[in-house]
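Letters A, B, C and D mark the chains as written, and numbering starts fresh at 1 in each.
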Amino acid sequence: MQDNTTTLAELIKLVDDFVAERCWEPFHDPKNLSCSIAIEAAELMEHFQWLRSDQLDSVRDDPRTMDQIREELADITAYVLSFASTMGIDVSSALMEKMHKNASKYPADKFRGRFR
Amino acid sequence: MQDNTTTLAELIKLVDDFVAERCWEPFHDPKNLSCSIAIEAAELMEHFQWLRSDQLDSVRDDPRTMDQIREELADITAYVLSFASTMGIDVSSALMEKMHKNASKYPADKFRGRFR
Amino acid sequence: MQDNTTTLAELIKLVDDFVAERCWEPFHDPKNLSCSIAIEAAELMEHFQWLRSDQLDSVRDDPRTMDQIREELADITAYVLSFASTMGIDVSSALMEKMHKNASKYPADKFRGRFR
Amino acid sequence: MQDNTTTLAELIKLVDDFVAERCWEPFHDPKNLSCSIAIEAAELMEHFQWLRSDQLDSVRDDPRTMDQIREELADITAYVLSFASTMGIDVSSALMEKMHKNASKYPADKFRGRFR
């Protein structure tokens, strides 16, 4: 599986099958999953907790840390997709619509290089 | 765009183009993006903050809340994909490998219906 | 030290001295500390991640889990106090003023047993 | 109320009375409160989301932002104290013991100016 060829539906099936094989659906309610996304997000953030902005490039050159970061990002993604599945949300169309909304809120010519 | 036909690479391009058109790359460093994922995860969690487990089904029947939840999930996804892009992580293969690792850690026959 | 007799200033001094003895002030900038509060909050939340509302009472009867929870709460508190110290915020007066504001926003007779 | 003279017990009573006057105890279970701490922590973090390390000093000079930060810190504190109250945790002794544990883990002479 690679980002160039894998659809969201295939990734969601991967996660849903894992949950179903263990009968974990009762645990995967939307409240628990939103907590889980936040918990994994915090674990990702932990890798940058004490780094100054000018020290961040060094992380990319540390293979062991990059492996851990890759796993944390996978964990977040798994819970995001499980949440989408249990709530019947189509992630692709939700993202596309939100990016359009953001584009109206932040016109490129007015917000080039700044947020406000 | 729909989950059945949209690849991760297409969604990542959607987010990358949005960032590039506004020259926001300097803001999208991995520390800021990990904070952003956590912030949006907290906003998703807020919708369930005071609900008991037995009240969660009602959320699915409330279209206005569902719209907001869908937008929060899109925000999380946008930051996850931007993080993957800036760190050169292939989300699909990272997720597949993590699910295999989880499958070894939690064999289905030993963890059916329970975590420990 | 006990809550009945210990002032906030005494606890802040405890944390400030620990930081100063290690010359960790440069790490304790407000951004890093806000990340740290969020990270420790997630670790506290992890103890309740998969529990339904009706299973929460059991946690109080599990001394090992209670010890861990107590430590997570101490970690959060340490970072809250370090944040207050570095930003020159008086926690007691900030809390008192916020509770007054909340009392105006949620008059007791209108919000008895409900949030909205 | 000021940090120099206010005990933890006085602050906890302030929060407990607020909750009791509204009969909100059923909402203030440990899971919901741990979510609430994480949610307010994210709101605090939001004020630093896009700032580089070298831009943080400017925040202290912005009275409007400082007021908001002060309120977020008060919100976190309120939930920390409510959590401690509902779980029967003495915050002062928990913090003191954790700082002693940290002092053993990070001897000052070995960890001066660094974490590892």
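In this section, contacts are C-beta pairs under 8 Å (C-beta built on N, C-alpha and C of every residue); 3 or more make two chains touch, one makes a residue touch a chain.
It should be emphasised that the depicted structure is a prediction, and the values quoted were computed from it without experimental measurement.
When I count C-beta pairs in contact, which pair ends up with more: B-D or B-C?
Looking at contacts between chains, B-D has the larger number.
Please state whether the interface between chain C and chain D is built from the same residues or different ones, using more than half shared residue numbers as the mark of same.
Chain C and chain D contact each other through largely matching residue numbers.
Taking each chain's centre as its mean C-alpha position, how far apart are chain C and chain D in Å?
Result: the chain centres lie 3 Å from each other.
Could you work out how far the Cα centre of chain B sits from that of chain C, in whole Å?
Chain centres of chain B and chain C, defined by C-alpha means, are spaced 27 Å apart.
So which bits of chain B are touching at least two other chains?
In chain B, 27, 35, 38, 41-42, 45, 48, 50, 53, 115 touch at least two other chains.
Which stretch or stretches of chain A touch chain D in the complex?
That would be residues 35, 38, 42, 50, 52-54, 115 of chain A.
Provide the residue numbers of chain D that touch chain C in the complex, in ascending order.
1-12, 14-15, 18, 21-24, 26-27, 29-31, 34-35, 37-38, 41-42, 44-45, 47-48, 51, 53, 56, 59-60, 66, 69-71, 73-78, 80, 83-84, 87-99, 101-103, 106, 108, 111-113, 115
Touching chain C in the complex: which residues of chain A?
That would be residues 27, 32, 35-36, 38-39, 41-43, 45-46, 48-50 of chain A.
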